[in-house]
Amino acid sequence: MIEEKFFKHPSFFPKTKPDKSHPIKLYLFAWLALFILSAMSYYVDYINLEGLIRWFLITILALMKAGLIVSVFMHLAWERVALIFTILLPPIFLILMLAIFANEGNAINVIRTTFN
Amino acid sequence: MMASIVFAIFTLLVIVFNYYSIENDFWFPELASNWGALDTATLMTLIISGIVFVGLSLFICYCLVRFRHKENSKAEYQIENNKLESWLAAVTTIGVIILLAPGLMVYSDLINEPEDSLKIEAIGEQWTWSFRLPGADGFFGKTHPKHFDLNNSFGLDPTDQYAQDDILIKSNILHLPIDKAVSLSLRSKDVLHDFYVPQFRVKMDMVPGQLTKLWFEPTIEGRYEILCAEYCGIQHTNMRGLVVVESEEKYKKWLSEQVIFANTSIDITSNSNNQEILSGENLSISLGCIACHSLDGSKNVGPSWKGIFGTERTLINGTKLLADRLYIEESIIKPNSKILMGFAPIMPIYNLDDKELDLIVEYIESLN
Amino acid sequence: MNDLVKDWSSDVSTFKIRWSKAMMWIFLISDTFIFGTFLISYMAIRLTVVDSWPDTSQVFALHIGGTEVPLLLIAIMTFILISSSGTMAIAVNAANKKDKKKSGLFMLLTIIGGIAFVSMQAFEWTKLIIDEGIRPWGNDFGSQQFGSFFFMITGFHGLHVLIGVIYLSIVSKRLLAGRYERIDDYQIVEVAGLYWHFVDLVWVFIFAFFYLW
Amino acid sequence: MQNIQLKESLYEGQKIHHPKTWLTKYIFSQDHKTVATQYFFLSLLTGVVGVILSIVMRLQLGFPGVFDISPDTYYQSITMHGMIMVIYLLTAILLGGFGNYLIPLMLGARDMAFPFVNMMSVHFYALSVLLLFTSYLVPGGPTGAGWTLYPPQVLLPGTPGYDWGIVMMILSIAVFIIAFTMGGLNYVTTVLQSRARGMSLMRMPLVIWCIFLATVIGLLAFPALLVAGIMLLLDRLIGSSFFMPDIFQFGQHVTNVFGTEYEGGSPLLFQHLFWFFGHPEVYIVALPMFGIVSELISCHARKNIFGYKMMVWALIVITAISFIVWAHHMFVAGMNPVLGFFFATTTLIIAIPTAIKVYNWVLTLWKGDIHMTVPMHYAVGFIFTFIIGGLGGLFLGNVSVDVELSDTYFVVGHFHVVMGISPILAMCGGVHHWFPLITGRTMNNFLGKIHFWGTFSGAYLIYIPMHYLGLGGILRRYYDFQGLAYVSDSLKDMNIFITLASIVVGLIQFIFLFNIIWSYFKGKKVGKNPWKATTLEWQTTTMPPGHGNWPNNLPVVHRWPYDYSVPGASEDYIPQNVPINLDTSGENSNE
């Protein structure tokens, strides 16, 4: 029967407040981790690492920090999969944009350095 | 019923118009370069899409007649037919590939210029063209926007030894030898322009602060207009040039008459009156005055220079005054202080020194 | 994964979260695109320009007793913003436990952090404009786009922080006034928290790609 | 009996503020229906201005020199016409108007998720329109750089409105983006979070799918325009040079407002940013048209839309790809030529899902029971014009063909068929279809048919010739064509013909406006659900729906939205909220 199908459907009584009773310890840990990561990225600049290694470290550290903030502070880790996917998919377009713009910028730079 | 018939009529009208436009030359201009491939690609797309359009349209018209509402007629209940739809998708994909593949091949030719091509640089500015050839050494001298000034309208680096023998063509008429691949480097001094010769088919924007490339091979002797295809300000329409395709020897002769960079930029120093008129003319060209002020009395964005000197002019506010030396100098330095009747206050301010002012005014005076 | 399909094919509500929270998340995605586009344009121009890009650790250095400490101020600002983010997280956690006092207290701490951040940024701007002589149309260190991009990106981020401070003040005022207690609904604190964490998130990338890169 | 009182927790925030005064009823109303009407009339108003501007242009082109239209006026008209039509008319009317009206009703919600934000959205939109038109009052008039606002000419003398017109334009756009974001967040949240019980995503009418996806595109694409606008504004106001390289114009080096020279910027960056917004914008306009037409065809052919699932997936694919095709507007703009291969390929790939949608519309007509009502006229006409437009896209997307055709009248013809005539047909069809729902009266059929045939034939007579002019290499944005050797003499007559045709079509549009007003007072009164449609908006207890849409209980949805001509059913349509077990068509109902 159709009614049963509907009433049994989980979406009828959604958890309007997903369970977020995490211990404060978790936040303090994330907090500490963020400090350490920031200090590390600051240190990368302080000891004047150059070239690929510098860029690699900076990017990795930034992404790790971002991951911590989004997943722990913004609770995304404990959200439903549907939401997580919706949040994480659109930035793909930004990555493609980045690739194209980088290519374009390089091309123009080459032109300018060779012909001026 | 009626509706579908009218729809069908309009569909066929497209085909009719196809013939009409071929009759009336709304069709590819005469081809004068090696880029017939572009026409082929376009024509192919036109035919395929034309067939698809007529087919689909007539099918719709048929449906409208065949399945129009009648007494107790009832529609068929079919939710979907994945087999049919995947077939249609597959056919469309094949069609797209058929269109795309040749296009990409032509494009790869388009962006790879031949090695032995004739190197020419075209410079666009509001609203005229000028050209530069590498000269005897076969190398372009370095250029930089910061070198631009009234005597160095190509922005060449004076210290570069390659630059000295570069051939500068300040007029907007370019001569080309026939059946020789030409690769153009395109530069712009001010805003976006686009080098376009309809008979050569290809076009490419000129972007300030960078350099774009374009190549073609003229195949028919003749004189063809150069047009600006990218909107570049109110005189966009009047930004025209001329490319003359001629035999090798004629081209050589023309080339030998052109000045090289080392011999330019001497005009302003000399003093004889005749010299000044000449260099005033050059000045007015390099300043781009003549883009807005015609020399033959015809009305343009700005008032024509022919025969204005010493005549009485009427301003917007109705006051009349004599177009003497002072008035003309003021109109150059503070253009929007006195606006002529029937013209818009759009002239930019030119801060020229007294000598240059004199040259311009002398030149205008000489046009009487 | 099964959960994913079930949610998307369910009726009524896809995400099973409150509307305000869903709206904030969607807004944050849109805002991500704004900041992403800012940073990508910055990258494109920095790749394009011919003259060298200024050495940031030299530009943003701070002189402490004669010795030059690179990026000190920025490090402190980062520290403050992360801390404020942490306090905000605790405030949200307390709000979920319906602990009005604690939540309000930590929100006030967050607001103080935000104000400190903005004022330090103001100090940094004045230092750069007056001492270093950096202008949108040029500077003594290198490419002239440096100044304009710095003022544009940090300015836009600072604006976000400022809005966040105002937003949080309103929320905390209502919280302490007991409005949410009455309707027994502390959702809005969590929503405000999302926004604040996002501001922090953006700063992470600005710090990495503008100051350190 | 299926309408079970829902738990409050599902519908929190749905406090219905019943209007007290005239002001709160018509100006500061939070009712999505009123907001939609406000959007509708405001955008129609700007649209009228846009039409007048286009007539100004055509007069110059048809009769050069006769009407004494200066180049400034001409190029300012081009710019304002483009901006108004693309952003302030189409985006606003399709999402703000139709979206606002239909989403809550078709989903079985009481109102938008955030009625107050919704109200703010329409007020910000009004402000942006105001700012747009004040640019006619600033010194130098509105900007005349073309709707693409390309630097550097947009900031340089030699282009009209280079000093203050552009500033007003950017401010107006920024305000519009704020307004759109407010509205967009509402639409997305409402669609995702407050559907009726039983209304799963795969049971949503296609028009809601389309408006939803168009809004998503907008929320992700408008940021690029905002950023580009901000950077352009800074170039103009604080002397930065993001887009301005070193420029030597009229014999002098161009300086910014602080007297220092521009240096090192990249004009191409703006073009990339602009088109990263600009191409998705095409789909922001196109998808809602798709949706409206799908509804009309299905309802008036009394047949379920063919291949509903395929249609939805096609829409999603189009949405995704629309973000990675933008540079096909820049094939000859001087970008790195290698990118041409990538963007040509993606562009032609997007043609496939679009074609599938067209096939499905045609297949919906096949073996249907077609009532040639006025809305059906519009819908079928849309299919014709859209086929033309789509095929034109095959030319311009294919890079080497584009090299030959870009910047010619082929482009003008193409995007006017796609974004000029097709939206008009879809919009007017939608208005004819939903007018009874809004007012309780039908629109006048006779006037409707006059307007349809006028507009439809106009589409052919104006824009088909333009395609052929493009083949002939006639360039767009030209003030006049005098003294061009390669242009045939018959171009003059053709321009006159097009001008006359466009004037007629322009005037015919006023018949439609008159029809709306006339029918509002004098139109034939009709009962509930005159078209016998299945979707929820027609199932409200009162027509037009009252404030809050559903007086006591929210409806419960039991079937997909296209149960037309179900075998064995008593009527040839079964509304979405009729339980399946009350009817023999359960097994057919596309569960």
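Note that the chains are named A, B, C and D in the order they appear, and that numbering of residues resets to 1 at the start of each chain.
Keep in mind that, in the parts below, a residue touches a chain if its C-beta (ideal position, glycine included) is under 8 Å from a C-beta of that chain, and two chains touch if they have at least 3 such contacts.
Keep in mind that what you see is a predicted model, and the values were worked out from it rather than measured.
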| item | value |
| --- | --- |
| Count of contact steps on the shortest path from chain A to chain D | 1 |
| Chain whose Cα centroid lies at the greatest distance from that of chain A | B |
| Which of A-B and C-D has more C-beta contact pairs | C-D |
| Distance from the mean Cα position of chain D to that of chain C, given in whole angstrom | 35 |
| Mean-CA-position distance for chain B and chain A (Å) | 47 |
| Intercentroid distance (Cα basis), chain C paired with chain A, Å | 14 |
| Inter-centroid spacing, chain D versus chain B (mean Cα positions, whole Å) | 32 |
| Chain A: positions in contact with at least two other chains | 6, 12, 14, 16, 90, 93, 97, 101, 104-105, 108, 112, 116 |
| Where chain B touches two or more other chains at once, by residue number | 144-145, 209-210 |
| Sequence positions of chain C contacting 2 or more other chains | 8, 10-15, 17-18, 29, 33, 36-37, 41, 44-45, 48-50 |
| All pairs of touching chains, each written as two labels joined by a dash | A-B, A-C, A-D, B-D, C-D |
| List of chain B residues in touch with chain D within their complex | 3, 6-7, 10-11, 13-14, 17-18, 21, 24-30, 35, 37-39, 41-42, 45-46, 49, 52-53, 56-57, 59-60, 63-64, 67-69, 73-82, 84-85, 88-89, 92-93, 96, 99-100, 103-104, 106-108, 110-111, 125-126, 144-146, 148, 150, 155, 186, 189-192, 194, 196, 198-199, 201-210, 212-213, 224-225, 227, 229-237, 286-288, 301, 344, 346, 348, 350-352 |
| List of chain B residues in touch with chain A within their complex | 140, 142-145, 185, 209-211 |
| Chain B-touching residues of chain A, taken from the complex the two chains share | 108, 111-112, 115-116 |
| Residues of chain A that touch chain D when the two form their complex | 1-3, 6, 12-14, 16, 90, 93, 96-97, 100-101, 103-105, 107-108 |
| Parts of chain A lying in touch with chain C, wherever the complex brings them together | 6, 9-12, 14-18, 20-22, 24, 27-28, 30-31, 34-35, 38, 41-42, 44-46, 48, 55, 58-59, 61-62, 65-66, 69-70, 72-75, 79-83, 85-87, 90-91, 93-94, 97-98, 101-102, 104-106, 108-109, 112-113, 116 |
